[in-house]
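You will see two complexes here that share chain A, one where it goes with chain B and one where it goes with chain C.
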Partner chain A sequence: MENENHLRSQLTKTITRPIEKIVKFFITASAFAAILISISIVFTLLTEAINFFQDPAVTFKGYFTATRWTPTFQNPEYGVIVLISSTLYIAVIACLISFPLGLFSAIYLSEFATKRTRKVIKPVLEVLAGVPTVVFGYFALNWITPNIIQRFIPGTGVFNALSAGIAVGIMIIPTVASISDDALNAVPNSLRNGSLALGATRRITSLKIMFPAALSGIIASFILGFSRAIGETMIVTIAGGQYPELNLDPRSAMYTITSSIVNVSLGDTPHGTTAYNALFALGITLFIMTFILNIGSDYVARKYRKEYE
Partner chain B sequence: METKETIQVNSENVFNVEDVSVSYGEFVAIKNVNMDIAKNKITAFIGPSGCGKSTLIRTFNRMNDLILGTKVKGTINYQGVDLYDKMVDPVQVRRRIGMVFQKPNPFPKTIKENITFGLKVNNMTDNMDERVEKALTQAALWDEVKDDLNKNALELSGGQQQRLCIARTIAVEPDTILMDEPCSALDPVATKKIEDLMQELVKEFSILIVTHNMQQASRASDYCAFFTTKTSDDGKRRTGELVEFNETTVMFTNPEQDLTEQYISGRFG
Partner chain C sequence: MLLESTEKNMSNKAFITGKKAENAIKESLFLFTLYICVTIAILTLMTLIYDVLSTGITRLTSDYEVGLITKIQIDNPVDFLTSLDSRYPDRAGIGPAFAGTVWLMIIVVSVTFPFGTGAAIYLQEFAPKNRLTRFIELNLTNLAGVPSVIYGLLGLAVFVRLAGFGRSVLSGGLTLTLLILPVVIVASREALKAVPDTIRQGALALGSTKFQAVFRQVVPSAIPGMVTGMVLGLSRAIGETAPLIFMGALTYVNYFPDTPLSGFTAIPIQVYNWIGYPQAEWKETASAGIILLLGLLLIMNSLAIFIRNRYEKDF
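Now for the complex of A and B:
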């Protein structure tokens, strides 16, 4: 009896452990901060965007059908389709560059490179990922445009979609390469051995066994790369120009969602005007686009993930 | 006419191993192995962990080429041809000498594709359906999977997966099958099935099996090689060595070496 009481007193809650609670509070708060920030961003974008659509000069129909984006003109037009098409156009050029190059470098790194070459190439790729986009922007404007684009396609303007697209493509190669490389490395080595033991060459093993097994991660890397291309701002602002009408000529300047946001927000647009509010409509449009892509990439990665164990 | 003579001498053997040592960089995994592996027999490699038996079996189809820094000294003759001759293509070697691994490693494809992959790689694309059925039948898996050949192979049980791996190996018609602890990830029932299967397959193929399981070696093999590790004098290096190579019945009833006797009776290892 005495023993039991002694044990009970030992097991009874007496210490409050304040540090436990404080630490728990801060950890919880940090986790929720991200959610809170996201919600307030969406809230700000939405309220200002609603103001934009309340202007009688703006209609939903016009927003999606007009073929000019000229919010600061005398007779403003708000055809977001101009900006969306330019954005997608440049993003597609970027993908044509970055998907093959990124994927091939990933296959090379994970299947063919010796440890030593891998040690050299991997950091170089990461350096490429660390180059500020403004540098890529001027690289596109001052090097790609005169030395490549204008040399092979004479008559191209100083600002053009092709040059911006190529630079964005180069910028996202590391994203595609590094995520695809991770995906390929996540495929168990036993599959590689199984294939080689059947007399398959390295080429067949990498293309027919490793590539399909890593496909979910590779597609996810593509979607993420595309999403980054859509959201890219500095390069397209510097090298892509500001041509406010619908056109699909890669030699011409274009006007992406991001670069029009930069231009409107440079300072000469008064607060509260429709042109100013248009920024937020564009912001939410861009947000929805990248949001859908990110969800899509997550979904693909989950759905097609092969379970090995 | 020397070569012809060699082939005749080797007609009973699929491999002649002469003074083979394998090292990774500085580390010598196994050294000075001499043995002849008989054709259409099951030869088991037994011994404690780290004795180099898996390393050795991988030299027989040049899978160890894939590990950077591996060096093989001595010669391994495969039906009279030195496997490590400069002119020998490891891809061609692996087409003739198949391998089944420790953990079942089916490709994340359908059951049928698991078999047809090897067939396509080896340009055996005629009568593919027949070949698939024959391989699965030989691997004693056909009756269990014939109705869902298009099911993903990863949905099979571990034992079925391992028999599928055996099926895909024999589908490409090798003459030798190397098995690196094929039952270590399986339950006793699945293990029994694989052992029975080996008795069928050995009529057509030469089989080498690495196993941790002495009962398995005594039940399933015709010849048995016992390896152990020797620690160097300074105690820093452990190197595998072949202690005894004999008919399995002799090995398990009347071993020549004391060390073998101790290992088999469970006194070390």
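Now for the complex of A and C:
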């Protein structure tokens, strides 16, 4: 009897050791930290952005209608449209580069490449994905601009939207390629084999069977790539220049949301000044844009993925 | 009659072979297009590496000569790695930035590893399958897509101002932690997912508690995968520039940080700084900095691959 009691107490002892409780509490808290980070991002951006719009020098209407972004000038103007249009403009150039290159690389990898070629090319794309953006910025400014842009389009400035856009495009090729590759690989083999058995060539199979079957994943990769191009900071800061007025000339410098965040923060921006608050207004603008795109990418991938499972 | 049908047959045949030839051309054209696309991606990477190496290597070899009149030249990797920054391109070293990056790595690892693996263990092994868990997962996916510059703003508001750490290496490290936490959590979960259920069931069948099964059996098997994820997350962190700009890393910091609260600069920031100068000599110095940065990343990625191949069990 006494022995049994002893055993039971031993058992309960192991089950309710305090260290277990502490560890469990710690890991639960870590998981909830994810929510905390999201909340604090939205909260800090919003509170400072609200301060920005309460500033008498700034109006909500001016933020969306003015055509100049000059927060540090004598008569500051805060026309975010300038920044949004530049951001989208460079992102579109980047997409023109990365969508075809990324998608075709993915088709090659999943439909044509042998296992050995795949083993070589996949790591190369991974290395490309791991190159820091400041290095791409250097490459855009010191190689793409003089060797490609200025050679073929004489008269282009040192800082221009074209070279920044191309570099951003190269940066997101791996994103587009690897997600599209996953999508193509997720299509069941029976579809591919069925098409080939019916006498379709590999090109027809890739374009008419595999591509439509993987379309949801491919579109998701495009949206995600676009979102990354919008949020890219260092390349556009280094190579894109800072032209604070509305313009749509790819040869001229532009001023994206991200590069203006960097440039405003480089200046003298003590806490509480309009320029400091402007950082957060830009931050929330950027956050909303990428958030909508990320949700959209997730939605497209999720909604149509189940078809083959 | 016979002639007619033969003629018809022949024209049909010609039509078919014509179509076949056309198809074959289309086929090879398509494959050619694919080759071109893959080649462009690979060539770009090689051009980038070649350009950086050929520009930067002169800066790190002893026959380096410059036009500017200066007394001390830095012409070898060791001096470059240990010297202070300078107003002259041929005297500029990357010492403080290198030290800053090491500081950042130490802070990032010591904070990210416990929190990242902890969250992964909870979500993979303990979390009930309910809406709240689903919400946390959705949050993680979204956080991974938030631009890094936004994390910089968050760090500026929370660590620099609210917590009062100021523009210090601690604020920088914590900001980078937030940035890579979602990546590390996802990677660690994958590592846990790869541990087969038989291990869990075996441990439970032998009478261990759930807690013991997870922490004595499952987690040790998943450690290599977790470390790999951590190293890859860390290699992303040390290449980040934008968030650190808000930590004051771009102001002229030319000393080695000695406490977590001292000001700092980091390798990518220092490179960004050097890129900003117009003179050609600075281009070489910036390239030398990039060589160091890429070298560090190469070492870390090799380490990750080594750990994965050496320690990961194949179940």
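General observations
The rule we apply is simple: the second predicted complex is superposed on the first by the 283 of 309 C-alpha atoms of A that agree within 3 Å, B and C clash if a C-alpha of one lies under 4 Å from a C-alpha of the other, contacts with A are read in each partner's own complex, and residues count from 1 in each chain.
Everything below uses one rule, namely that contacts are C-beta pairs under 8 Å (C-beta built on N, C-alpha and C of every residue); 3 or more make two chains touch, one makes a residue touch a chain.
Nothing here was measured: the structure is a model prediction, and the numbers come from that model.
Of the two partner chains placed by superposition, only chain C is touched by A:Leu101; chain B is not. Shared-chain residue A:Pro212: touches chain B; no touch with chain C.
Contacts of A:Ala229 after superposition: neither chain B nor chain C is touched.
Comparing chain B with chain C, the partner in contact with more residues of chain A is C.
Of the two partner chains placed by the overlay, neither chain B nor chain C lies in contact with A:Leu83.
By the touch criterion defined above, A:Thr201 reaches both chain B and chain C.
Of the two partner chains placed by superposition, A:Ala49 touches none, neither chain B nor chain C. Judged by the touch definition given at the top, the superposed model places A:Ala253 against neither chain B nor chain C. Touch criterion met: A:Pro188 reaches chain B, while chain C stays clear of it. Of the residues of chain A, those at positions 201 touch chain B in one of the two structures and chain C in the other. Every residue of chain B that touches chain A in the complex is listed here, in rising order: 61, 63, 66, 68, 91-92, 94-95, 98-99, 101, 103, 105-109, 117-118, 121-122, 154, 165, 168-169, 172. By the touch criterion stated above, chain C contacts chain A in their complex at residues 23, 26-27, 30-31, 33-35, 37-38, 40-42, 44-45, 47-48, 51-52, 55, 114-116, 118-119, 121-123, 126-127, 135-136, 139-143, 145-154, 156-158, 161, 178, 181-182, 185, 209, 211-212, 215, 235-236, 239-242, 245-246, 250, 268, 271-272, 275, 283, 286-287, 290, 293-294, 297, 301.
Remark: chain A residues 114-115, 188, 190-191, 193-201, 204, 208-209, 212-213, 306-308 touch chain B in the complex.
Those residues of chain A lying in contact with chain C across their complex are 14-15, 20, 23-24, 26-35, 37-38, 40-41, 44-45, 48, 100-101, 104-105, 107-109, 112, 121, 124-125, 127-128, 130-139, 141-143, 170, 173, 177, 201-203, 206-207, 224, 227-228, 230-234, 237-238, 258, 261-262, 265-266, 271, 279-280, 283, 286-287, 290-291, 294-295, 298.
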